[in-house]
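Below are two complexes that have subunit A in common, paired first with subunit B and then with subunit C.
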Partner chain A sequence: MSQVQEGARPAAPANPDASSTRPAPRVAWSRRLLTAGPPIALIALIVIFGAANSRFLSGSNARGIADQTAILLVLAIGMTFVILLGGIDLSVEGVMATSSLVVALLAANDRNSNDYGMLAVLAGVAAGALFGLVSGLLHTRLKIPSFMATLGMGAVGIGIATVLFAGRSPRVLDEGVRSWGLDKWWGFSPLTYVAVAVLIIGWLIQRFTRVGRYGYVIGGAEGIARLSGIPIMRYKTLAFIISGSTAGLAGAMAASRLGVGDVLIGGGQMFATITAVVVGGTLLQGGRGGVHKTAIGALIIAVLANGLILVGVEPYVQRSVQGVVIVIAVAATGWSLRTRTRTIK
Partner chain B sequence: MNGPVVEFRGVSKRFPGVLALDNVDVEIRPHEVVGLIGENGAGKSTLLKILSGVYQPDSGDLIVRGESRHLATPRHAAAAGIGMVHQEQSLIGTVSVAENILLGAEGSSVRGGVYNWKDLNQRAQRMLSKIDSQIRPTDRTEDLVLAQRQMVELAKALAVEERGDHEPVIVLDEPTSVLDGDDLETLFAEIERLRDIASVVFVSHRLDEVLRVSDRVYVMKDGRVVAERDPKAVDIAELYRLMVGRETAGEFYREDEQLEVDGAPDVIKVEGLGRKGAFKDVDLRVRAGEVVGLAGVEGSGREALSRALFGAEPFDVGQVLLDGARLKLGSPSDAVEAGIGYVPAERRVEGVAMGLSVEDNIVLADPGTISRRGIVIPSRRRQVVAEWIDRLRIKTVSTQTDVANLSGGNQQKVTLAKWLSSPRLRVLILDHPTRGLDVGAKEDVYTFIRKACAQGLAIILIADTIDETIALSHNVVVFRDGEITARFSAAPGRKPTQVQLVEAMV
Partner chain C sequence: MSLFRNSHKKRRRGAVALAVGVALALTACSTADPETDSEEPAGGDTAEEPVAAEDIVLVNAIRSLSNPYHANWAAGGELFAESVGMEQVVLTDDGDSQKQLSQIKSLLAGGKTIILNVDPNTSSDAEAIVRAVTDAGGYVVTQWNKPDDLHPWDVSDNWVSHISFDGTVGGYEIAKALFEEMGGEGGIIALQGILDNVPAKQRFAGLQRALEEYPGIELLDEQTAEWDRNTGYEVTQTLLAKHGDAVGGVWAANDNMGLGALEALKAAGLGGQVPVVGVDAVPEALEAVQDSENTGYLATVSSDAFWQGGAALALAYQAAMGEFDVASAGQEQREFYGTQFLVTKDNVEDFLQTPSLEDLQADFDNPFARSTGQIG
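Here is the complex of A and B:
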């Protein structure tokens, strides 16, 4: 058969700009929205709530918001690494439950004679990391979709926590552990400083390490990453370990703040976490976003929750508001990716 | 070193049902630009994939710098100093230029998993400087225009030289298909520059470009190297003849079964259709029983147009009329509703639903024919399916067989049956209907096209080859850069020549 043309999908038209010149800024509005939208939304919320209730802008309320954001921010930073890869971690609440009980039962408590002090917190983080490792291995080795693997691991976490719980919340008596949750350092809870430290570490990982950089590469185009010889499974598993560790730390933080280990200690956090990541501008499809964006997203969620209370919205309406916010955010961030024949599953 | 850098010695590669490479000898000498041309399916891609470690030869030797090498993966090929610039973009948009250039080969720039950005950027800068590019290693890749990305691809290919202490072989697979004008000149200047520091394999459809940049040209056909020419002593016409080989028999295409369509009513009319960056001012009409062939090189706009006519992609201006009535084409389901069918080029992805049975696939497009008020009538369904399996001679163990187990030709017939079983069908868009099919299956498709015409269907065809386009069509419309550049009547007995079409295409 003779021919000269080989058919293929139509290529994009060539751009007339000479390649040797500096690139013209060619940023699509949808990507600008992704970058500038969340900070603008945050400022707008602050202005609106500030106008609606003068107490909103007071120093003590601002500090309250910061303290309220701490646990959510820690969770969301870990989640960001998983979502950047196009995956999701639904085990957050179960991991928090197990971790909080591990911390409460290893630190000085009213149930047993353990007294490991701050080591108990480390054990909580380690438990979370272990959950992440198992989720990651299930996802990469057994090829289970991440939502299913982590949903299962979350249930396992709740189960383990329930066994440890044994009918009654163990109370944390350890002064050191409790003080992290109760003290104020220069007006802020120590947990807020922990969250800021996690944010900085997360940013450093994202910016300067293979795990961080390859997250963008694998999330952006897994096929290219594979052809470049990148061990994809390893980096995916690492992302789940990071997410598990932050969930473990969040469980420890909650135990320290509330003074108990509890099965339901992470109730409602998973949804808020995913919302924070997505509202911040990390694409659920992966490849685009980052922990710095997630910080903005977490603040938006916290400001929204705080502001709605101050303007007198019923607490149970707030959940619905969060739901609306995440749907709008997902639609807005995915706007540029719409094509008629794209499959959404 | 004076011997060839890379040598294929008697290399053969067989795929199920086809001998993709048949005892091929090719050599690439130091500081040489080797042109490689051939038709679709001539074996060029297989050759390149063996060179880049994607495929391994069944027999014969691949000798790199005097040593017989087994390139098991793309990484091995890169380690052997072979860098590819792929036809499709292979860059990640969200990371920096430097990260793309050194992707998977960060080496000394990453210690213990921690990046040394300064070192990474410096190394990338070295590659960019070699091709005299002003792109900065820290630029975000997605902010670059297409031609700049091509330069980054080139720098990435060049980076393979860091993995060894020898000069690299750079393979450019259709690098010009997305470039034009100044960008093209820039690329040619780059190739000249590469000549001093590397050996280059240049693959292109544009024969004039191959003649212009190459020191030597290999012509491939049917899995063999049929000629090796000096560009100074050969012209486009000769290259083309070598590539095409023979006049194809009209019989193969069932030309005697082609019917006249003069006087037939218009079925579908396209008026002033356009989409920014894809195609513009497209006027077309297809009459009952007529085949209109769309000719053009890749990216000429014909594929985008065909998808727009099926509602799979949008258009900005113009209108589409079916039997004189304006169509709303907001989605593929609008098109199906109106009686337009589409046989996509990506058969395995978009044509048949893998995992579903032959029966389920056939009744997929128009469940209305086998059901009443939304409830499927099993007897009617069996009857329709059996009828089409018989009419198109689909070879399948049973109607319940998973289509994934059928051969390519039979899968294509299932796709055709899916559309034909709908009584509403008025227009059928065929996008590369014979791609990847063996000769026998192709003939079946040709026969089918003639029969469909005889029944008054209007067919829009994007064929795999120019021959096919000419032989099957009543009229041929040639696209170039999104616009129609020529129209040829190809009525029975009045066929245009391939050369006429090619002139309008390039």
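Here is the complex of A and C:
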């Protein structure tokens, strides 16, 4: 993003000689630390946990961490697009619920005779995209704040999932779909590769498409974006569609891993996802961040949870430790902006 | 002119204040009446008159229909309602205490006699609920959660009974089944529920009692998986990385976590080789128990959610109809533990089917048939 112009003044050049030989502006120390903060934190955590228990660094644990990060990363990548433009998506748990049930009921299962195989996964993603579309329209056309619109859509998702669930969770019997959750490709779960693929696609969208690039502008200064003639409603809606699609994909991934469609399959994911995005360095107010930063954030969350268990921290204390680490990370990331008041949309 | 305008404003403000005051007074009057009724001695007449059928509403208040346990609970209540020719109302609160209380209060304000079977969201909610029902002249049976020092006989005859299940028994029985399968030797990992839930603490205490009886079994690690399936998967995955081959069995405080652990074992290539036990008897766990040679899922515990939804409602109904005399009932009928069933491969068939009205009629007629004794 733009560099901080240290000592820049709008006044007329009083000393023309001085301004022409002024050296290039230097990025402030604090700014460098902020952008490097999350990766440093991640490395520090790995070193500390590795020193405390050598099993932490073992191959099988590393693969376990990768597997545990997969679903969280997919969710967080979609969420990043929404948070970048200053909104938030609280519907992920509901969308995951509906998507997992759609996948479970369309693939070979123990409730009906459907057998659509991988098309069921596509249907799950499409269901998520549909939720995202409705959330986006509610937010942009009806001017409902994003947290309210998505909270409502999340409840709708849980409701639809409960109706589909009808008293007992359908089990996924399709070998192909389940193999994505259970197989090993060169030691890693296929879901890990899916997450990496989504990360690459997300980065390409962020870097090379208008949805990504305009997202920064809309989040950073929406008024200016509107004055520039950017069709804000369209890009906001697209961001919600992306977030809904990743939630749908995450629901399908969870269904393939756990072998069921379950209404509560997304339990706890909403908070973890938002935390991963914010810890990575994307500001909740929007305008700064990106999926590459979110990847670091998701890894920090997974490494922290895994490491605390391996080191043997008491279960009663683990949650508190996680909370403290996250608060420190978020405070550090937003430190330079603490003097400016911004509203959270 | 200004004098006239001021007095006009004052008059209007005065009129509004008067109207508000009258409205408040009216509402205060209408809520005062039930309070004077409940100041009568606990064996008051209002609790004993049988009620006409058109004037009662059967209500089951649970967390949600999104999980099989509560869905079965509601189905059990439905069976009972059919048996007396009525409909039941199901209230779901999604884990929100305020919502549960306000839903119940709205029904109570409807004018009919409410017959309520409720699973209070937390222990502290139980008191507000039973007092609200008492004030409105309804009848309530609570299950699972209530404060330890609050008893039905201290509050009113409208709080018919409190039913719970001894978690230590459940946790102990599945642990024993697990240790027997392991031949009394080896290491196990334990997945706990949310750490400050009473069932989580009770079941873990049951596990620890079993561990004392089997000195050859070592508890390698105990972690919380928050009653959640995906968390059960991830925690098991991490613990397998931490302890490797030393893990000879998995004890989970509920089936959700146990089923998550099952998938983690499968993903690690240990499917069917490491036995797993849980509690709740959700349908998938029952099917896994049926296929335990391949899955390794040994046992689970059923409190029979159908019974919880139906027989408890029957008890409250009998109190309303005067068939069960609450005032003269002993403490062991006002507060008791129900029966839990250890489900293993030998008896899993019985639990796989939804019970019919015939199966449960005897329990509806005598809800105390499954009492295993007073709580505490």
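In this section, the second predicted complex is superposed on the first by the 302 of 345 C-alpha atoms of A that agree within 3 Å, B and C clash if a C-alpha of one lies under 4 Å from a C-alpha of the other, contacts with A are read in each partner's own complex, and residues count from 1 in each chain.
Assume a residue touches a chain if its C-beta (ideal position, glycine included) is under 8 Å from a C-beta of that chain, and two chains touch if they have at least 3 such contacts.
Since we're looking at a predicted model, the values are computed, not measured.
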item: First, second, both or neither for A:182, with subunit B first and subunit C second; value: second
item: Which of subunit B and subunit C A:262 touches, first, second, both or neither; value: second
item: Touching partner for A:288 - first (subunit B), second (subunit C), both, neither; value: first
item: Partner chain in contact with A:309 - subunit B first, subunit C second, else both or neither; value: second
item: Dominant contact partner of subunit A by residue count, subunit C or subunit B; value: B
item: Touched partner set for A:68, first subunit B, second subunit C, both or neither; value: second
item: Touching partner for A:162 - first (subunit B), second (subunit C), both, neither; value: second
item: Subunit A partner contacts - residues on subunit B that touch it in the complex; value: 39-41, 73-75, 87, 90-95, 99, 103-106, 110, 113-115, 117, 132-135, 139, 143-148, 150-151, 177-183, 186, 205, 207, 240, 243-246, 248, 277-278, 295-304, 311-314, 331-332, 345, 431-432, 435, 442, 462, 464-468, 481-482, 498, 502, 505
item: Subunit A partner contacts - residues on subunit C that touch it in the complex; value: 64-68, 71-72, 75, 192, 195, 221-224, 226, 228-231, 233-235, 237-242, 256, 259-260, 263, 266-267, 282-284, 287
item: Subunit A residues touching subunit C - in the complex, by the definition given at the top; value: 53, 55, 58, 60-61, 64, 67-68, 71, 158, 161-162, 165, 167-169, 171, 181-182, 189, 254, 257-260, 262-265, 267-268, 305-306, 309-310, 312, 315-316, 318
item: Touching residues (chain side subunit A, partner subunit B) in the complex; value: 1-27, 207-211, 213, 216-217, 219-221, 224-225, 227-230, 287-288, 339-341
